[in-house]
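Before anything else, here's the structure in question.
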Amino acid sequence: MAALGLFANGLVFSSIIVLGSIGLSLVYGIADFANFAHGDTMTVGAYAALVTLGALGSVGPSLFGLPAAFFLALCAGFVVAALVAVATEKLVYEPLEIGSIGLLITSIGVAFIYRGLVQMVFSAESARYEVRQLRPIEALIPYGVRVTYHDVVIVVTSVVLVGTLHVLLRYTDLGRKMRAMADNPELARVSGIRTDRIRLVTWVVGGGLAGVGGVFLGLFNRLSPRMGFNLLLLVFAAVILGGIGSVYGAMLGGLLIGMVHEAMPLLSDLGTLLPLVPDAVGIPVGIEYAEAVAFVIMVAVLLVRPTGIAGEGG
Amino acid sequence: MVDIDVDAGPLGEMTATEQGVTAVVVAFGAVLLFGLLSGRLAPTYFLFLVGLAGMYALLSLGLNSQWGFTGLINFSVAAFFGIGAYGAALTTASSSPVAGGFNPAYGLVVALVAATVLALFIGLPTLRLRADYLAIASLGLAEVVRRVVLNERRWTNGNLGVRGIPGFFDGWPVLSTFPEAIPGLRIAVPLGATVELGEPFYRMLLNVLLVTVFVVGSYLLLSRVHRSPWGRVLRTIRADEDLARALGKNTYRFKLQAFVLGSLVMALAGVFYAHLNLFVSPATLEPITTFYVWVAVILGGTGSTRGAVFGGVVVVVLREGTRGLAGLEGIPLDAPSLRLVLIGLLIVLLMRFRPQGVLPPQRELIWPDVVDEAPDRPETGVREARGDGDD
Amino acid sequence: MTDTVLRVENLRKEFGGLVAADDATFGVERGTITALIGPNGAGKSTIFNLVSGFYEPDAGRVEVDGVDVTGLEPYEVADHGLIRTFQTPRKLEGMTVREAMLVGPQDQPGESFLRLFTAPGAVAAAEERNLADAERMLERFEIDHLATQPATDISGGQTKLVELARAMLAEPEILLLDEPAAGVNPTLRNELVAQIRRLNEAGTTCLLIEHDMEFVMELADPVVVLDRGSVLTQGPPETVQGDDRVIEAYLGGGA
Amino acid sequence: MNDDPVLELVDVDGGYGEVQVLEDLSLRLEAGEIVCLIGPNGAGKSTVLKTAFGLLTPWTGAVRYHGEDIAGTAPEDVVRKGIGYVPQTDNVFGSLTVEENLRMGGVAREDDRLEGVVEELYDRFDVLREKRTAKARGLSGGQQQVLAFARALVTEPDVLLVDEPSAGLAPNTADEVFADVEAVNAMDTAILMVEQNATKGLEISDRGYVLDQGTVAYEGDADGLLDDPEVSELYLGG
């Protein structure tokens, strides 16, 4: 029973991680560097939604316990984060003439600028969206599952977005171009693909999804200027687990990391859960180490299988 | 750079940048002097700043021997700084949950041993990884360390931190009673009110002495090993690891050694911090410290020892300067945000316009010297190599 | 009686389904200059990387001087006397040519961090000796005028000479040269031929990969021809040149 | 049509970064020709193709396509003018299917005939139709080379630049690829080809240039070059 509840929680948290990790992996694949500003792009999205929601108020009909304005705020989160990402590409990354390590270091600077500006405007204190707190859905409680309609919105929206991205990548020319460019940027240019445009599209998609992930993170917890940076390493762990540059790997990695993160309580009573294992067996690691365990998994994956669990060999 | 006039005076030997840096340093020194003389800058606070600058210089020196000499992207600087601070604190503090109250000298030893163990814990698995993975993995493991310090209250007091850390020289002969023994001084400074130099001032003076010893010691050691055959292999690894391997160098071992060495210097900074601040908390291990130090090293010039010291000083100016700036009326900004934005801008602008840093190392690293007067006669060995004025 | 310095037996390496080395077997006799030739993609570089320890073979065996070095790290292979060069050597930033030479010698105790402090005398003595050796080697390669130049400021061809000279400071039993003539102008190229021949006459065994057939025919005996990861044939250059299979696979029909 | 050659390099100096590879190099390609560039490693053969295609900008000199100077035009625009390029290695999108590779080849097409052209290419290269849903990475070396050609042909270029088509192929596969080169040429596509197997390359060519040290050392009819004792000795390994 407990496992089912944790699985449900895991699914909610995974959805947020997946939204972050897809964008990070796309950028890693196409712009070819580890973008340390990706977490703070999520923060930007979250605060854009906060402003929008504040301006619109909670008027309008309510849907899944959320005012209609929230969904507009969600869109604002996508749009603002995407715009900020594109502006950063144009102003900062594009003019640089340094390798991927230089870009990595630059992105740390970008992360600080985002976070510093958010903190200047909104203060370092945490904030909440002006939406009603919900009780868990009654019908599911007997099963040990305590999720609210907000959680359902998070999961469903993420599934829709991920599905849309899948269709985009698999069945549209734009998606094929993006995959082609991640595969072989030189050949992509030679084939006539306008690679600078594809790069911009990548930033729009990656930044936008991060923005939505940030809005949901704010709904799931609270908003604070550090929220994205705090999540960044988990998102990296997901990307590495799935294989850098692989969008589908990032989805899988995000799902697994989210699950591991939320399923920590299970570790200490492994014995009672697994058949054939004595009840007393367990890894005595508390939930306060949830993230630490994810990081250790990430390092282990890097050592054993640097191409990730879904990555191709070689 | 090659056609430097050897016969010119020390200024003539400098490059334009070096002259610029010298000018800035002199001007900055003049401002500080004015502050001191006018009584606007309390001497004790001034010494505290000097101590902080020394601390950042140490951290930069440590990172420089990893990134600058060897090309290792270590994003776990804060973990080593923290382990140094906690090692010293837990050994010496009255409130230590483990076994406090020891002489700070023991704390120093404990901190260095702990840092070595941690360096092996982080370095052994990650140093085989390619550069960007090493960055992410070391940041991840540093976070693991921070969580442990935060959560293992039995050992670390957790969030509460460790109080009651003695000064480094407490319990030493003469030095422990020096601040009390020296009579207080009242000095009428020429441009302002009288300044009182009492016990706190002398305590701080001792701290500055301590950090000076640490910095000078580390500087001499690192400069020396950098030019040694050992350091030469590190520099070869940085330029072309495969070449070093093909020439029979066990590069993994060299990288591990450089990693441990740098980490020890960082831990030294942590030890100093514990005895300067007399209180440590898990905030010491926040990743932001790591990035401050990165800014210092990149700003100074990757691989440049004097650059690392310069970068460390600039970062302190930036950190403390933003405090002052935000305090001014009419600027409704809080210091931490402003500092973040400024540090961020500094990184972005550096990478855009001067990725090699302000004082890049070409000149100080080339040995035997470019401006060698007798090129056809071999030098006699590394220790006899002439000390050139440029480092 | 033959004396094999390098023995390669049934070496095999796959990269994601692509077989780069397939059951390759050949030997390098002491005192020879052996050339490894073959069309692009025949596996020459792969064999070099397998032999020098940069890749780990999927199957097969590599022996240097009778010692099994299969699967050892490059530095261990180097310890057994096999030193390799690279086709496009990177330049060592922040070093003079003279200092860059000093990475070559294998007997510098100062490369141990501890010995720097416990045996400064030995370190200084080794440094002095190595410096003198380096100077002599630079003279022998007629590049001593470059000694005080920054290693980043010399031409590609000069870099190749420096690399060769540095590799010689390691006193190898066998020297592996990866395309020594690639990207080198004709004057330097002739210079390289002369230097390699001189090294060989002084007792160094060489194995080289080279595209420039003239270069190969001038220097090498025997020649090992690779095709699709395996040894197609080997023998004296004249015989190989006349071999129909070689002509078809590499030199081109009708030649 | 005017009388200008389809493609012409005039007095080109160029290279990578600050390293000069090409020096005062001039060559031309007439409509319908196959021209082969041969020469030792490092002579600048591939650099010629990259400069012609806009991957490198010449330092001085001109690259003329039907008389128009296109030096410095970005490759994605050069494709749209009617020049195709088959790189030597990494010349297919490994993680894309054969069909998707061909679609990528047609990105530069501005009409709606893509489907038709792809069908024609399937007709010409049967093996690609068989493998249309397979990932390119799984194809054999020869099949990948065919796919690389087909990808470059989707735009129906009138000039095709081909970098070492036989690289890494077994002799009989290389022969098939050379046959494909001739077949492509028969469809009125002029071909400028770099080939390491100089003899085979010249055999299917109309004319040839021998490059040495970044400049043209010999030029002439392919047969003439093959018979020239000096060229033969210096560059044909014979």
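Labels for the chains are A, B, C and D, by order of writing; each one numbers its residues from 1.
Please note the rule applied: a contact is a pair of C-beta atoms (placed from the backbone, for glycine too) under 8 Å apart; a residue touches a chain by one contact, two chains touch by 3 or more.
Because the structure is predicted, anything quoted here is derived from the model rather than measured.
Chains that touch both chain A and chain C: B, D. The most distant chain from chain C is A, comparing centres defined as mean Cα coordinates. Of the two chain pairs considered here, A-B and C-D, the higher C-beta contact count falls to A-B. Chain A and chain B have CA centres that are 35 Å apart. Look at where the CA atoms of chain B average out and do the same for chain D: the two points lie 56 Å apart.
With centres set at the average Cα position, the gap from chain C to chain D is 33 Å. Spacing of chain A relative to chain D, judged by their CA centroids, is 44 angstrom. Those residues of chain A in touch with two or more other chains are numbered 312. Contact of a single residue of chain B with at least two other chains is seen at no position. Across the assembly, chain C contributes residues 16 that each touch 2 or more other chains. Chain contact summary for the complex, chain C toward chain D: residues 16-18, 39-42, 156, 179, 181-186, 211-214, 227-228, 248-255. By the touch rule above, chain D contacts chain C in their complex via residues 19, 40-42, 137-138, 141, 164, 166-171, 196-200, 203, 213, 226, 232, 234, 236-238. Listed in rising order, the residues of chain C touching chain B in the complex are 52-54, 73-75, 78-79, 83-86, 89-96, 98-99, 102-104, 106, 108, 110-113, 116, 120, 123-128, 131-132, 134-135, 144, 147-148, 150, 166-167, 170. Chain A meets chain B in the complex at residues 33-34, 92, 95-96, 98, 100-102, 104-106, 108-117, 119-120, 123-124, 233, 236-237, 240, 286, 288-289, 291-292, 295-296, 298-299, 302-303, 306. The touching residues of chain B, counted against chain A in their complex, run 73, 125-126, 128-133, 135-137, 139-141, 143-144, 147-148, 150-151, 291, 294, 298, 333-334, 336-348, 351-352, 355.
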